[in-house]
Each structure stands twice: as C-alpha cells, then as structure tokens.
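Shared between the two complexes below is subunit A, which pairs with subunit B and subunit C, respectively.
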Partner chain A sequence: MTVLAVGITALLFSACKQNGSVKDATSAVKGDAAEEVYVAPGEYDEFYAFLSGGYSGNITAYGLPSGRLLKEIPVFSKYPENGYGYSEETKPFFNTSYGEVPWDDAHHIELSQTDGKFDGRWLFVNANNTPRIAKIDLQTFKTTEIIEIPDVAGLHCAPFITENSEYLVSGTRFSVPMPQKDVPIDSYKENFQGRVNYVSVDQETGEMSLSFQIQMPGFNYDLARNGKGVSHGWTFLTTYNSEEAHTMLEKNASQRDKDLMAVINWKKAEEHLEQGKGKEQKTSYYHNVMDESTGIVESEVKKSTTLLNPGDCEGMVYFVPVPKSPHGCDVSPSGEYLIGNGKLSADMTVFSFSKLKQAIENEQFAGDHNGIPIIDYEASLHGVLKEAGLGPLHTEFDGKGNAYTTFFISSEVVKWDLEETTVVDRKETYYSPGHLTIPGGETKEPYGKYLLAMNKITKDRYLPTGPELAHSAQLYNIEGEKMELILDFPTKGEPHYAQAIPADMIQPGVKKYHKLEENEHPYVAKGEGKAKVVRDGNEVHVYMTAIRSHFAPDNIEGIKMGDEVYFHVTNLEQSWDVPHGFTVQGAHEGGLLVMPGETLTLKWEPVKPGVFPFYCTDFCSALHQEMSGYVRVSPKGSDVELQWSLDEES
Partner chain B sequence: MNISLNMNYMKIQKLTIALCILIFAASCGGLGSENETGTQKTTKKNKAEKEKPEADPKGIGEVENVNLTDPLNENMIESGKAIYEMKCASCHKLGQDRVVGPGFADITNRRRPEWIMNMITNTDVMLEEDPVARKMLEECLTRMPNQGLTIGDARDVLEYMRKNDMKQVGKKDQAVKDEQSS
Partner chain C sequence: MNKTNIPRGLMVAALILLAGVFIFPLWQITLEAAQFPGGLKLNIWINKFSGGEGEGDIISNINILNHYIGMQKIEPDAIPELQYFPIVVYIMMGLGLLAVWLNKTWVYAGWFIVLFVLGALGVYDFYLWLYDYGHNLDPTAPIKVPGMSFMPPLFGEKDLLNFYVKSYPHWGTIFLSISMVCALLATWFKFKQHSYVKK
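What follows is the complex of A and B.
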C-alpha cells in the first residue's frame, strides 16, 4: 500500500515537472550564478571531481565549479580513444575467473585517505557485475591495478575505504550458493550466503590484496561506510532482504518493517585472524597489476582466501534494525552519527555510535540472527529526521553540523541539522538524484562550498538528443544558509557516486611524461638507432620509434601472410603533451596513443598481400600528415627478405 | 588578385602558402646550414646586429658560463653519446645534413657552448625569444622538443659535440675563440 502511494506521488511529481520545468529551473537560479561558476580562460578550477560512469565502466574527471570535462579515465571498459584494453600491454586488465570481461558497471569512487582526510594518492572504484576493484594512480590518471573479489555476486557495496586506507571494504549485493554450485534456487535459505570482504592497501605502492572475508547471512549487502575518529575500526553496512527472498524481491524483500544494518568491528576481526581463526577457502580469482616501469599488466591467479565465521569470532559482527530497506548509511565527520537512508521510508534514522557501543557493552540485544546479536534499536538511536522528503538515498556533510541528503522520489536535496535532526533548507533537483557529493563530504574535514547532485532522470534539461539522454548533474553553492543552484551539466555514462578534492592536492604531483631512462619495456627502442624488426617464427616484432614527425623504421618488407606482427611503438619525446598515435590499415585492435617516453604494442594480423600504410593518428606537429610509413605483406612462402629502413638507411 | 585567370582566390592562397613552405624548408636544409657555416666568421656579428641588436650569443637560460676544458673528457663523451643516441639522433645527424633539425657537424664552431646548452635545456623559451633559434624554427617548421635533459646531461652532450666536430671538420670551440679574438 505504501509502495503504491509512493509510486503515485512520484508520478504526480514528474507530471508537474513536465509542465513548468523550464520556468521553475530558471527562477531557481540567482542572477550572479554565472559569475560563481565562471573560470576564466587560462585559469583553473578549484576542485577535481571524479564521477563514476556506471554502465560506461569508466570514470570521468571534471573541474568544479566550471563543470569542465577534463578527462575520461578508462577502467573496466575498453577504450578505443587511447587503445586501453586494445594494446597488448593493457589487455590483461580484463582477465577474470569468467574469462575476458572488457566491460563493467562502475559505481563508487573512493579517494585514498590518511587520518580520515583525502591525501590525493589513489582512487578506487568497484565493478558491480563481475566483482572487481580497480586502482587509479592520481599522478598519471591511469588505471594501474584490478583485483577480482571471489565468492560474491554483484559487488555494488564497494569499495569503502577506512580512515588510513587500511582496507577497502565490500559486501555482496546478491547472496549466492557458497561455494558456487548447481542447486535449486528455492534452497536459498539453506545454501546461500553473503560475504563481506576486506582488501588491504599497501601504503607504499597502493597494491591491493584480499586480506580476509567474513561469512554473513544470505542478505543483500547494499552499501557501507567505515567509521572514523571515535568509530574508527568499525564498518557499517546496510542490507535489505533480511527475509532471504529469492523471487519478486520488490515485494518479498520489503515485508518487514525494519531491515538490518550490519555493524562489524574489523579491529576485532584482525585479532581473531591473528589467533588463527581464519579458515582457508579454495577459490579462484584474478589479480592484474601494471608494472610501472614497463606499462605491462601481469595477471596472477590466486587460489585461496581466508574466511572468518562470526560464530567463531566473538564481538566481530552485530546487527541493528533500521527502517525498511535502507540504502546506505553515512558517517558524520566526527564519526559519532550513522545515518540510515530510508529509501522506502520517508524517515532518516540517525544512530549514535557511542550509544551503539554502550548498548553492545551492556548487551542490550533484541535477539539474534543465526547467532549474530541484534542490538536494541532504541538504545542506539540518536534521533529520527521525520518525513523530510520522499525516498532518501544518500547523505554527505559540510563540516558545519549539517547533513545533505538526496531524495530520489521527491527530486530534491535537503539540508538538515545533524544534532537537532531538523530541516534547514531544501532545493529541487532535475530530476531524481541518486548520490550527491560535497568536496571531502565523506571525510573528517569536509571542504564544503559546493554540492553536486547526480540525477537519474534528465528529460527536458538540455537540447533533446533522441530517446537516449546524458544524465544530468547540478551544482549548488552551499556556503550560505540557503543552497543556491549555480550550474547544470550533462555527464557521461551513469554517474553513481563522485568524490571531489581540492585541485592543489593533486595538481603539483601530476606526471607530465614518462622518463625514457626509466622505461624497462622488453621491446623498447631507446633511440632511433635501436629501431629494428625481428622475426621469431611467425611472430614479427617491430621495435619502432616515434618522434615528431616520423616513425623509424617507416618502410618494412618481408612480412608474410600468417604472420602476427607486433608494432612496439616507443615515443621518444620527453616533454609534456606530445603523444603520438599509431595504427595500420585493417588493424582489428584499433589504434594506440603513446605518451612521451612510453612503449605500447599493437598486434596486427594481415589479411591480404599488398602494401599497407601506417600513420600517426595524433596531430603532433605541423608535419603530422607526413608521419607515416608502409608495410609490405607478401604471400606465404614468398622469398622477400625481412628488411626495414628509414630514409633508405637500414 | 588574379581573379581574371578564373582561379579561385583560396586556391591561389593555398598555393602561395605551399610555395613559401617549400622555400623555407629548403633553406633549413643542408644548403642553408652550409651557407651559415661558410660565412660564419665574417657575417655572424653583422647578422645579429641587423636582426635584433640585443641578441645574446649565449642564448637565454640558466647556463651563463661554460668552462671548456682540454683534453676532452672521455666519461662525459660516453654519457653524451648515449643521450644523443636515445634522445636526439632521430632528428639530428652527426654530419652536415639536416633531417628534422640541423646536422650537428661544426656546431661548436658556430654557436657558443652556453647557447647550445640553453637551447637543449630551455628549448621552449629559446624558440620563443632567442632570435637565432626563432629564425631556425621559422625555417624548419618542426619545434625542437625539450627532451628533459639536466644541465649536466647537456654538458655531456656538448662534450660529445666537441669531439664530433674534431672528427667532422677538424676544429672545435671556434665560436668562443672568435669572440675572444675580437
């Protein structure tokens, strides 16, 4: 009944929007909004915002407040623009225990932290569909590592970071038979389990490793946050489907008045691990890491994980009830307040961490689920924000005592006072926001200033582009008592979550080119004199150099039908922003975009004899059109000898 | 304009541009640099005066004074050669011929060591502001890249250039000696 009511309200809302939206939106903008987002030509934005791309599988970097798109960073999807996933070096990124998976659904951005604050070292993002977590290096804005998470399904709840980047915490969205096996679906209650996963991060290199997993009841683990400050050492995960339904979840997983939020003491988990309580589990998953000195991704197959069972590990896992199917819990800057976002409830539940801890100490439990204690709801409650809007989804903070929550169904952002649990201000969004982000809004010390709402519905916001539209994002200035809408811009893919960080925490460290001296690629040609072509059976390796505006060699003969030709292109430039491109006619693997000092490899299998051009696809210099060459392909068994030259010199 | 010839104005303009490029390219080639070398002694000063009176023969950049020593330092030569082969050889040959940039033969007789090292380490500024470098760019049309050399690296390359000049033309450092004698 409630669901129906909510649905009708949603309909009403969107109907209103359809009618008067342009007018509404215009009147919602103050006269000097343009000035606030204007970043003059030649000047820089104050913040980098990293938006996940959802089903694009990638990440975008925007400047705030201008909304300028700075770069799309390919992560889980092949990206023809720069050869990511096409070059031989980067192909292994997509290796998984399901074979090559060159796409995914990228949801949550997590910037690395030190002492509960962003530190600008790395960025992590999860793949929902074929569970993985990727690391992006913030000096190069390149994906440098992807680790698969085994024995989970739908890694939506990831990769939530702890205060000092000790762990990236994730939970399974779908519970599955454990170990995976062929069983009737209706044996769910008996066979299906959940997992919460702790991936540790090497503080020197950022390298990820699956440290341990915790066996959990067969719920759907939805979203999580880790404690900070007073609550450091704890993880809070919202779940739905405590009914353990396996069909028509829409109805069957919303039966109960309250669902359960999992509360995990991971410091305790570490103690249990140390005492040898972890059990080795046989499994199989991939870990793909790029070697910085070669740019080559190596895949390693891992064969086991360590599993902790709450039954053997006292004081590690608890539950606490929250109103119906909450979507995420967010932790206030001090670490004291945990906000359960109601999703199907109009209310927001605010727990107090100190009360929660007290309740655990006093054993104020209201029963258990499979032996896991359920903490008394009332005993841990700080307050409830009543009916602030419809469909509360996500909350961030400004560091001045306010929380900001998106309301999906009523299409608005609501600012409210954490201590008093009272509404301070509300502004419409266009339309139906999912996540929002405030620079540092998830950390101990939010920078505040702006709020970016990422909307799920665009409709009439921009010039129409047919049935398929870009998702919209809106920027609000939140410096004053009232929020001000100042900018509206289309985004790429379906941004779920984003994080924004002051530009000066990244900009000074950004790498401008790769040093040739440090290039240890096995097929590098460090200098034109090192350019050559080597045959190894039917593999032909071209050690090619590129500099404005020629390749060496640029005439290659003696390739035969049936050969696999590998063009290893080294860009000899040593200054910023002089990439060279490379492709050859009929290349099935797209093209390369090679950064200065880098070596990338394009595989080419000729399909017919003849002479085929290759050329630089990047407008690198005034003589860019001249940057080209020929490769001659002869029939199998022909006696044309392998030879190569530049300017008729070999 | 030759509109009476029934040729489209745009075409003519394109043609003219193409022709200009050809002419420039030729002057950046072997011939151009030979000319410059051949008449070095007599014309260098005049030329500088005519173009831009304030042209500094040491160029613009951090390098203000280079101490040239003899005999040549073999360690520096070895390092300079390695750097040359990795980062310069694709555009500069050791003889007179131009490929992308001018051949290196005779360079230490034409240019002061400070100018050479500034050209290598402060390339963008040199190409913008130094009249000699700027003129070369106008002729060659490809921008010489900054190849990320430290001052020490550039000094090693210079030592290698001095050795190369002895081999190619039998004399070196003439640009400094000229200045001292005048």
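What follows is the complex of A and C.
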C-alpha cells in the first residue's frame, strides 16, 4: 500500500515536473540569457555582490552577472578554512559580555557611503543573536573590527548607514527589561523597553564607536533606513508588536490594522546630546579591533553608554501608522518616498517625506504613544500601491523612477512606478524571496542593470542534497521595461540582504600581499636568520618562518609535557597568491593559512611524549609535500635541552 | 642654429641622452609561465634591479624560484658593477662637457670610442654574469637541470624548464646607443667643418 502511494506521488511529481511550475520556470528564461551571464574564462564580472550568510555568521562575495562564488569572508563564526577564530590573533574577535560567542546570525550588509553613494571603503554587517556590528576592510576582504551593542536583544534591525557613513543605525528586535533584571515575563508592558542605537564611524579608519542610544517603547524594531538628500538627518524604522505582546506573537502581535513606523530626527538628537540631555548609563560591552600592522585583535570592555529619552528631547522621535506588521522600510533615491512593506497586507504604503515634515510642523498628530506624537497617516501619505501581490517584504530602486518589491507569499518580484504607484511588471521567483538587491539600489544613484532576489525556499531548483538544501538566488536583467530572468544559483548559509557594487570601485585597491617590512607582530621573524625558539616558563614561543618549500626551524626538540607551544608562523613570501598553511598533529585549534608577509599563531598543547610532524597545508609549490618538520616532546622533567635547527644548522 | 654650432649641439644632445641610463632600465628579462600572468619582469638598471609594477621584490621572488635548481642567490650588494658603473657614466659626462668646451674633432672621436668600448665591455660583463649564474648550480639542489645549465639568453628568447625567457635591451640601452650616434655625428660634422675651413 505504502509502495503504491509512493509510486503515485512520484508519478504526480514527475507529471508536475513536466507540465507544472518547473517547466514554466524554464520557459520563463529567454533564449539569450546564457550569453548575458556568461563571463568567459579569464574575464571578470562587472559587479561584486556581498551576500550576508545568515546562520553561517559569514559573508560571501559573488561575481555578477556570473553568480560565481569568489570568497567566503568569515565574520562572526570560526572558520577552519583559514584559521579565523582559531589563531591566537583572531580569537578575541568573539569576546562579548556573554563570554566567547564564536557564531552568529548575520543579516544585513551595508557598504560605506559618501554623499549617498557607495565609496568602496568598508562593509558592515550585523549579528542578530548576540548583538554586534562588524566591519570588513575591502582592500583585504578581512574582518577588522567587531563592536557589541549593549542593552538590546536581537539586533535584526541593523546596521543601516547614513549617507556620509556618519552612523550605523540599529534597533532592538526583541524588547527586554533594560537594564536586564529578573522580572516576570508578563510584566512586559511595565518593564520592557526598546533601544535605537547610533554607532559613529571614523572617516579615516572606519573605527566604530557607540555614540548614543535612544530609549524607545517596547515594540519589536524590525528594519530601518536612513534618509538621503531631502530626508538626510532622519531615520525610519518599521516596528511590529505595537500590541506589546509577550507570548504567541504570531497571533497576538498581529491584531492591529496598523503598526507604527518610528521616525527619528538624528540631527535633533545630536543637538539634545550637545545640550547635555544624554544620561550616562552603566553597562558593559566589548569592542574588538584588529591592529592592521600586527593582525592582532585587542578587546576593550566599555562600561557606559549615553541614553536619550524622547520625553526629554522634543522633536526627536515620532511615529506614523503603517498597515499590518510592516517589515521592510525603504527610502527612494531622492529621499522623498518612504515605503512601508506591510507583510500581512496586500497593499504597500508610500509616504512622502515632505508631507511628513509638513505634518510635523503643522502638528497634525493622531494621538501619542507614551508621549511620542503619532503623525496623522493620511497627512503624510503619498499613495498606496493596491494589491500588488501578497506579503511584500523589501524594496529597492533602479534610479529611473521604478521600485522593485519582493512578495514572499505570492513568490514574485514586482516592478512598480513610484510616482504613479502602479504596477509595471511582475516575475515569479523560485521560491518566496526575502530581500532583493539592485547594484546601488538603496543609494542616491542606483547602477541598475541587474536585480538579485534571494529566496527562502529552494525545493526542486537543483539536484537534491537530502533534507538540507542550499538557498536559491535568481538574477534578473532589469534594463528593459520587462524584467528578464537570466540566472539561478545556490548560495551559502541563508543570505538575507546583499549589496552589489561595480567591480572597478574595489578591484584597483585590492591588496595582493602584506609588506613584510610593515609587519609589526611582536613574534615576527623577518628572515630565516631570525627564526628561534624561546622558553618562558611553560610557554614556548617558536618564531618560525615559511618560504617555498620549507619551515625554519624544521626540527625542534626540548618541548616538555605540560608546555604550551605557540607557533608564530611568518610567511616570508612577497608575491601574490603564495600562502603557506601550518598545522601540527593533534592541534586542537585547527590550522593556519598565512598570507605573504603575515604572522599568525597556532597554540599547541602536546598530549603525549613522542615526535610529531608539522606541515604546510596549502599546496604552495612543487615541493609542497616536502614542506614539513618534526617537533619532539619529552616527558615532564626530562633533561632534553631546547634546541632547533634547519638542515642541521642551528 | 648657426652651422658652426652643430657639433657642439650634437655633443650636448649626446650627454642628455646618456643621462637616460639613469631614468630607464638597460635590459629586461621576462620570464613567462602559466602561473605568472603577464610574466615576471626583471629590469636591469645601471645601478639596481627592479620588477614589474605590483610584483613585489623581484630579486627575492626570482631567488625563491631559482633555489629549486640550486642557482646562487642574486644579491645586488654583491655585484660591484652596480656601484661603479654609475661612476663611470658620471666620468663620461664630465669628459663630454670637456669635449663640448674643447670642440675638437679628435676629442669628439675619442669620447665616442671610449663610450663604445665601455658599452661593449658592459654587455660582455653582463654575459659573464649570466654565464656564472646559469652554470654555477648547486649539485644538491632539489631539481637537477639537464646539462647543469640554466642560462637565460643575452639577446633573444629561449625555453628554460617551465619558463619561456625573453631577454632584450631596454630604453636605457637605446638612449645610450643614440647618444653614441650623436657623438659620432658630432665628430663627422666637426671633421667636415674643419676640412671646409682648410679649403
């Protein structure tokens, strides 16, 4: 009976394959699509696309239009491939006020901006679970800084950037007691609060610093964008759960027809701050910064934060109603239109910033929430895009007056006219898109050309890989009136948001290797003559060099049981793409992948006496297999002297 | 220009062109292999070595590759020519100024001959260095080159293991050659003037 049922299902399934959605999807691709995405061997893609990795904690860099994976950049998660988070230098990246947290849920990518346009300097990304924001250097494609955001929970709404990279703005997804304390959960309305956080960015170094936080009602702050052009100086944040429910949010946070969008005048907040309205609050959070000359991450614990209360700061915070549980919150290239994507609504609400400002000036308020004025909905409305699809999530722009919105439930991308609020075109995605990205699509001057939709459901798109599937992404050409599906490719982790930038804004500045003479690592050996082994109590420091195709030293004796051995490996190469790997048998900290001119450290605690090999893990040269050595471990108290050599010369 | 000033003018031009050896490499050896898109470029100057743009320290990179076949390390500090060749050029420039002042046929001719001989000796010296590096290979090296010879061509192109090696004079040598031609022309014009005056 079961066999028969399976057989019938299989039949139905294959019939569906032939006649159903899959065939439609194939025929939806036009004839010359392959040509449009084909990047011939030896040629480069036109855009870099940076996709967040969701629960992988990392970022991936893809080339567009080919959809080729260029690199996975480790950020919040340990990454055995190159020793990130395993090397002594990078371990402190995971220091938080919750202890070592070597994983997170990375959601939103933000490229640095100047005058509302991408400038190719840095990339920022948030950690949802243990609230943090990281900075990635776009010369080295390496994480160089992670700052923890205190007194928030679930930093989903982050790290949205202002038009000159003045601030990275974030909001708490989960409201919690602030400061944290032991209270009954059903005291939510009494004890729980939200926070909106402003992290400033140093324009020279990119270094982040928590400038101030704003105390907010206990809603769930979901997504945000900052104004640009006419709306520069303002932040817009969608919220859900204005019901302030604390259980069964699925139902209880979906009761009201309208939730509230927070509208924050951060220029005003700066004024209030200057007037001393900020209150110093005790807290504790980590700031982990990599010193670029040593590659070593230093952690600093910060002990206070500055809090602004809307009650004391007039004209700083407003709300405006948005239909049903809005998710995405997007600002048009001119800065004039704000789009609230009500995910339980079929309609999209488009606000006009000038009307909103006028309504504030005329005090057209429809009540308040805990003293925060609620701006009249009608007075600030530009228009409503009616029944464009089901479950609108996110919107980006092409700079030609069109907006493109993903619809999760009806699984499609809809192109619509911003001014007229009318639908222009719609195309299916496979299946259920979350975010979408258009190169420069959130900036003042979108580059347009392509649209990448990142889907939450993959099902039958690729050869099956068991119950767990890669998420799918689809690329559309948006140059014409109609969108054209041109490529479909699997991604890593769960990409939430992505941003794409023309390759020529990054490619010329990409670093090929680290200059050895600029390496200031305290354990660097700038030449084989400088290689040595130094004992300091039970710590043994090996100043080791790597060059094609040997380590110096490659014979080490006099290590005793109970020692902590630190292999500080300096790659002496000064040429592009000549990394050396390093590991030693039984290493608990994985291996290292050391770039030319760099020094990385692997900690090794021997577990038994004997002679153990170490070797290069990266196929560096024709004699890579020979690139190895031995370390001898003697019992505790043995009289074997500490000695080291290469080719029998000490 | 007054016709009588032509030889002097040419000699001044010869001196200016001679300075080109400080501005451009004399010779360029390009090592082409699949792993090195665009080739590894070794520029040989009157007083130093340099590599292609963004290649890093070319000497160190070439030494790393060469150690597999047991070639001795190229150490610029151990090559005395890089120290005294520039001095020779300065002396030639000084003598050239003297020649402009004296403005005599035999002085111009003498300057030309000395420069020509020095240039020829320089190329021969370069050949000797190439021969020395290419034949003085360590017998315990990981790779034993057939015939124990790995010598790049002085002029021309050649297959050397995985590399296709090209070796040609570069702008510095071209400037040096034009400088010689100018000196030769100065000699010729001065000689013609002299015989014209005699008539």
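Assume the second predicted complex is superposed on the first by the 631 of 650 C-alpha atoms of A that agree within 3 Å, B and C clash if a C-alpha of one lies under 4 Å from a C-alpha of the other, contacts with A are read in each partner's own complex, and residues count from 1 in each chain.
Rule of thumb we're sticking to: contacts are C-beta pairs under 8 Å (C-beta built on N, C-alpha and C of every residue); 3 or more make two chains touch, one makes a residue touch a chain.
No experiment lies behind these values; they were computed from the predicted model shown.
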After aligning the two structures on subunit A, examine subunit B and subunit C and state clash or fit.
clash
Report for A:K526: first if it touches subunit B alone, second if subunit C alone, otherwise both or neither.
first
Regarding the shared-chain residue A:A622, is it in contact with subunit B (first), subunit C (second), both, or neither?
both
Let me test your reading of the model: by the given contact rule, A:N370 touches which partner, first (subunit B), second (subunit C), both or neither?
neither
Subunit C versus subunit B, contacts on subunit A by residue
B
Look at A:R548 in the shared chain and tell me whether it touches subunit B only, subunit C only, both, or neither; answer first, second, both or neither.
both
For A:Y513, using the defined touch cut-off, is the partner it touches subunit B, subunit C, both, or neither? Pick first, second, both or neither.
both
Touching A:Q574 in the superposition: subunit B (first), subunit C (second), both, neither?
both
Take the contacts of subunit A with subunit B and those with subunit C, and give the residues found in both.
513, 547-548, 573-575, 622-623
Sites on subunit A touched by subunit C in the complex
512-513, 547-548, 573-576, 596, 622-623, 626
What residues on subunit C touch subunit A, complex-wise?
54-57, 60-61, 64, 68, 142
Of subunit A, residues touching subunit B in the complex
513, 515-517, 526-530, 545, 547-550, 552, 572-575, 578, 621-623, 647
So, in the complex, the side of subunit B touching subunit A is made of residues 85-87, 89-91, 99-100, 123, 141-143, 145-149
